[in-house]
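Presented sequentially are two complexes of subunit A, the first with subunit B as partner and the second with subunit C.
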Partner chain A sequence: MGETNRLKSLSSLGKEVNEFYMKYKRAGEEKKTICRIMGYPLPHVILRAHDVYYMFLPSYAATSAARHVVGRLHQVAEEKGLLREVCSYVRANVGCAFSAEAGIAGADPMYSMPKPDFIVVTESSCSMTFNWGDAERRIFNVPLFVVHSPYVWDEADEKDAIAEVTRQLREFISFLEDITHRRFDWDKYKRTMALAKETAGLRMNTMDQACQTIPSPATLFDWTSLLAMINYLIGLPEGRDVALNVREEVLQKIERKEGAVVPEKYRLYWDGIMIWPYLGKLAQKCAALNANVIWSRYSTFSFWESPEMIDLENPLEGNAIQVVRLHFNRNIDWLIENITRQCQRYHIDGLLIHANLTCRTMAGPQLEIMDAVSRRLGIPAVYFEGDMTDETLISESQIDTRLQALIETIEARKRG
Partner chain B sequence: MHNLMEKIGFFLEDPYKRAKEEKLKGRKIIGITPMYFPQELVHAANCLPVILQASKEPITLGFSHYHHFFCGFTRGIVDLAVKGKLDFLDGLILSDMCFEMRHVADPLRQFRRFPLIYIQWPLEANEERWLDFISRGLRKCVSKLEELIGNRISDQNIEESVRLYNKNRALLRQIYELRKAKPGIISAKEMSALVISSMVTPVEENNKFLSELISGLERVQPTVESDTRLILSGHLCHEVKDGILDLIETMGGVVVGDDLYTGLRYFASDVDPNTPLLEAFAHRYLNLTVPCPTRVDVKRDWAEFLIQSFREHKAKGIIMILAKNCEPHMIYYPYIKARLESARIPHILIQVEYEMVSLEGIRTRVQAFIEMLRD
Partner chain C sequence: MKREREDKIKVVAGIDIGSVTAKTVILDRTKKILAYSIVEEGIVNEESAILSLKNALEKVGLTEKMVEILITTGYGRDLVRFKNKSFSEISCHAKGAYFFDPETKTIIDIGGQDSKAIALDSEGKVKAFQMNDKCAAGTGRFLEVMSRALKLSLSSMGEIAANSQHPCHVSSMCTVFAESEIISLSAQGFSKSDIIAGLYESIARRTLSLMSFLPVQPKVMMTGGVAKNKQLVKVLERITNTEIVVPQEPQIVGALGAALIALQGMGGEG
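Our next item is the complex of A and B:
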């Protein structure tokens, strides 16, 4: 029975995340400009360069779930009339918005977040995110700004989409200047983008190198933990330090031929958002079967996945590129092609498809991906249902049986 | 109005029956996914525009390609497409209204049964900053359509199509107003049928039929006591499932107004014939008369619209009909609920599922609601 040997350099992130929320709360108390963001973690650097504190709502929901405090937030949202089929990230945040009214604000530090001065939606794929932003606007009665990336239906559309998002980001900066009554500091923005580019580049290169290595020194559960660095620290020296530390540890483990799962017998691809409340448990379940979940389109094809394309002389376009090239914004042919290629590159033995019951954007193309990639590579795939934060939608026994079935099928095929 | 349903009720059996007949005559049939792509542009290409309707058959093959937790409407489209039952289409305009509709393209692109033309609408309404975005999208779409039919679509044709469809919407609005003034002269199901008919039949014959119908309706007197006047709201993108509209009225409700897609939402606003053409379509989209929960709209408020509509129609209650897993509607609902409560407007939410287990639960709730309104 295998064991996990996860990256130690990620342990500092928990403290950084706590500190992030403390700063946000303090900024609210001190009447500094604060905002709520949903969608893609793109405006972070723009806001940081303009000294605006932000709360990135998908991360808030994921963090609350990982800390097992999300259930009460969901309950508050349901009491307000949100049905359980709604994205559980939305339910967590609506619950948070009404936590004072529901009398739970003092029950956990994660429950009491100050009212924002404005809301930003930056999205390239999930139309629901705009509905969510609009709902938050009605709840808080504050201005809302939307950045809407065109979908890349054909690859030829990408260039126009980048130009369009760049144009919208310019409008966003005007909006920021209006709302804060301050001029935007383009030099500071360039410096922030330079750090973001370096940090994101480190993350992508480290992941790629680790995923190619057998045994892999890291696991998807490490990479998803590392997303906290993107969501909370991108554009800051602290973020780059985390990325450098992770790189250092990964290189050392490669040198020592030390895997994240010991022994690593099976290498898996994961499709779907992570199950945040079960992160540790899932990592153990996989390791117990000697399976290492190597990569996922969620961690590799998103969250500043194209840093090499950022031209620091044209940082807005660099920002736009990140949102346009996000995998959610890609057509099915691109997804199948690229997931297949990457699975080959990373020596993947099987596909684990997690259908997020309340994230239909993520789930949308999954059945086609599962069928096509599995056939092209001649590797098995299994499907199970769950959710990113709502524990009531997760069946542990379903995960166990499907995972077991996948490993048995891989093993049987290996034996011929 | 039994004759009415006899004349246009063909879609209850097969909404695409007329389209298939036209196809046999040699006309190209272009499908359009709801809600806002202008049928005019397809009509101007001398093709028959057909807005896709909710499938009525059990989803079988579609399950392998589309998740069960998506809305029934999109699942139904995928199911019909993979079964080959949409093969009569010469092309499909995939009008990207929400991510569930967008992902319909995933299996369709794999199957390649008919050409797809994609258009994306900005997710914000009532903001002029999107005008260029929409105009560019429409221009691209027109050129793809021209490629598909092998002909240029002339401005003159578009102008004529706009005239016909504006006429169609005006006729439907006239009937809607007649129903408001004389409750019961046309049932909710019939009203919905007229709209669906406008979505799937040639506009010329539909306009003729509506004009004749209006002459008849103008002579009819109100047929029911109007003490439980109701507004129906929601149910975006497709018709309300068979039986539910009848159920509401047989329980004693009298539907006098709605904002359904197979209702006011479809015909509320016209295309301005005096504005440059593609820009006029963009303006129609940006200035939606009926606020749409699928869009961000800072200037128009759906709850406010409903409250005004309730008062204007002298209604006694509002029934909100929600297609299961329609996320924009689900997300808007708590706000509407709160606003209607503070305005002391009686309301009820009915969630309709594709795989309806039983109408009985809905019947009990509707009955209790209507009895409460009568007290």
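Our next item is the complex of A and C:
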């Protein structure tokens, strides 16, 4: 029975995340400019360069779920009329917005977040994001700014989409200047982008190297934890330090031929958003079956996945590229082609497809991905339903059976 | 329960602990089925697995000590502490179905509380599978609830459905919604035979949707307790446009597969 041997260098992130929310709350109390962001972590660096504190709402929901305090937030949102079918990230945040009214604000430090001065939506192909932003605009009665990324059907569209998002970001900076009554410091923005580029580059290179290595020194559960570095620390020296520490540990483990799962017998691909309340348990379940979940399009094709394309002389465009090239923004052929290629590169034995019940954007193409990638590579796949934060939509025995059956099928094929 | 091995007679056992029944199959070294048992259980637990094992062993005058290897499968597979190992029901059903008929390429299993479709290659290995185990829609439990709503015994439903001339359209597959729907159909004056036939068609449509994920090839074998309902199998054949074979005892296929895996562990051919 295998065991987990996860990256130790990620342990500091929990403390960093706590401090992030403390700073956000303090900024609210001190009447500094604060905002809420939904969608993609696109405007983080711009906001940081302009000394605006932000709360990135998908990450807030994921963190609340990982800390098992999200259920009460969902309940508050449902009491306000949101159906259980609505994105559970939205429900967590609407619950948070009404936490004071519901009398739960003091029940957990995650519940009491201050009212924002404005809201930013970075919308790609998820239609829910705009509605979410609009709902929060009504709840808080504050201005809303929307950055919309056009869908990229083929490579020819990409250039136009980047130009369009760059134009919107320029407008966003004017919006920021109006709200804060301060000029935007372009030099500071360039310096912040340089740090962001370096941090994101370190993340991508480290992941790629680790995923190619057998046994892999890290697991998807490490890479998803590392997303906190992007969501909370991008553009800060602290973020780069985390990336450097992770890189160093990964290289040391590669040198020692030390895997994240001991022993690593099976290498899996994960499709779908992570099941945040179940992260540690799922890592252990996989390890117990000697399976290492190596990578996912969620962690590899998102979250500042193209840092090498950032030109620091044109940082706004570099910023725009990070949302345009997001996998949500791509057609199914691109997804199948790229997932297949990465699975080959990372020596994947099987596919674990997690259909997020309340994220249609993620779940939409999954059956086609499963079918095509599985056929092309001749590897088995399993599909199961769950959710990124709503524990009432997650069945442990369902996951257990499918995971075990997948491993048995891989093993039977290996035996020939 | 503690098992101590005795050298004289060696057998293997497979137990399938489902959500409604526990099934045991005892095999000798030559893959001969010595005995089997099926025990109804109120709730999944280790006791029903023990009872099922004891019943099967007693039928051929054996004791637990003579069981060399015990493999468990099914929803409650990890509840049995005295097992040697557990395997998923997917692998076990594949093994059992291939043993019953090596020409089997597709398995439809409708059990007490889940349903699955499994595609096999020519050597009986799992190619792909699909499961529905998140709700009781289209399972044995679904039929049980409907039989109560119609005030009929479960065993009489098939015979009554066979008399249907115009099956009703039952659109809901959620057990709760379907129950309301059939109460409403009953109030509208539809006959019980047409309502049950409609229910069977809705189960068949759901099964078809499960199968649509797989490369379905003949032979198609149906396993699980619901396969004992001949009328439902007929409806399934019609809706899926597939000939379906049902083994003599469809409920023990998973337990048989587990026993065959146990035999492999003993160095047999399993």
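Everything below uses one rule, namely that the second predicted complex is superposed on the first by the 416 of 416 C-alpha atoms of A that agree within 3 Å, B and C clash if a C-alpha of one lies under 4 Å from a C-alpha of the other, contacts with A are read in each partner's own complex, and residues count from 1 in each chain.
Criterion: a residue touches a chain if its C-beta (ideal position, glycine included) is under 8 Å from a C-beta of that chain, and two chains touch if they have at least 3 such contacts.
None of these values were measured; they are calculated from a predicted model.
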{"item": "Partner chain(s) touched by A:Ala405 [first = subunit B, second = subunit C, both, neither]", "value": "second"}
{"item": "Which of subunit B and subunit C A:Pro41 touches, first, second, both or neither", "value": "neither"}
{"item": "Partner chain in contact with A:Ser397 - subunit B first, subunit C second, else both or neither", "value": "second"}
{"item": "Touched partner set for A:Leu367, first subunit B, second subunit C, both or neither", "value": "both"}
{"item": "Touched partner set for A:Arg413, first subunit B, second subunit C, both or neither", "value": "second"}
{"item": "Subunit B versus subunit C, judged by how many residues of subunit A each one touches", "value": "B"}
{"item": "Intersection of the subunit A residues that touch subunit B with those that touch subunit C", "value": "367, 371"}
{"item": "Of all residues in subunit C, those that touch subunit A in their complex", "value": "75, 78, 86-91, 125-131, 133-134, 213"}
{"item": "Residue numbers on subunit A that touch subunit C, as the complex places them", "value": "367, 371, 374, 380-385, 395, 397-398, 400-402, 404-405, 408-409, 412-413"}
{"item": "Contact footprint of subunit B on subunit A as seen in their complex", "value": "77, 80-83, 85-87, 90, 94, 121, 123, 125-128, 130-135, 137-139, 144, 146, 148, 150-151, 153, 164, 171, 331-333, 355, 357-358, 360-361, 363-368, 371-372"}
{"item": "Partner subunit A, residues of subunit B touching it in the complex", "value": "64-67, 69-70, 96-100, 102-103, 105-107, 109-110, 118, 120, 122-124, 129, 133, 293-298, 324-325, 327-328, 330-335, 337-338, 351"}
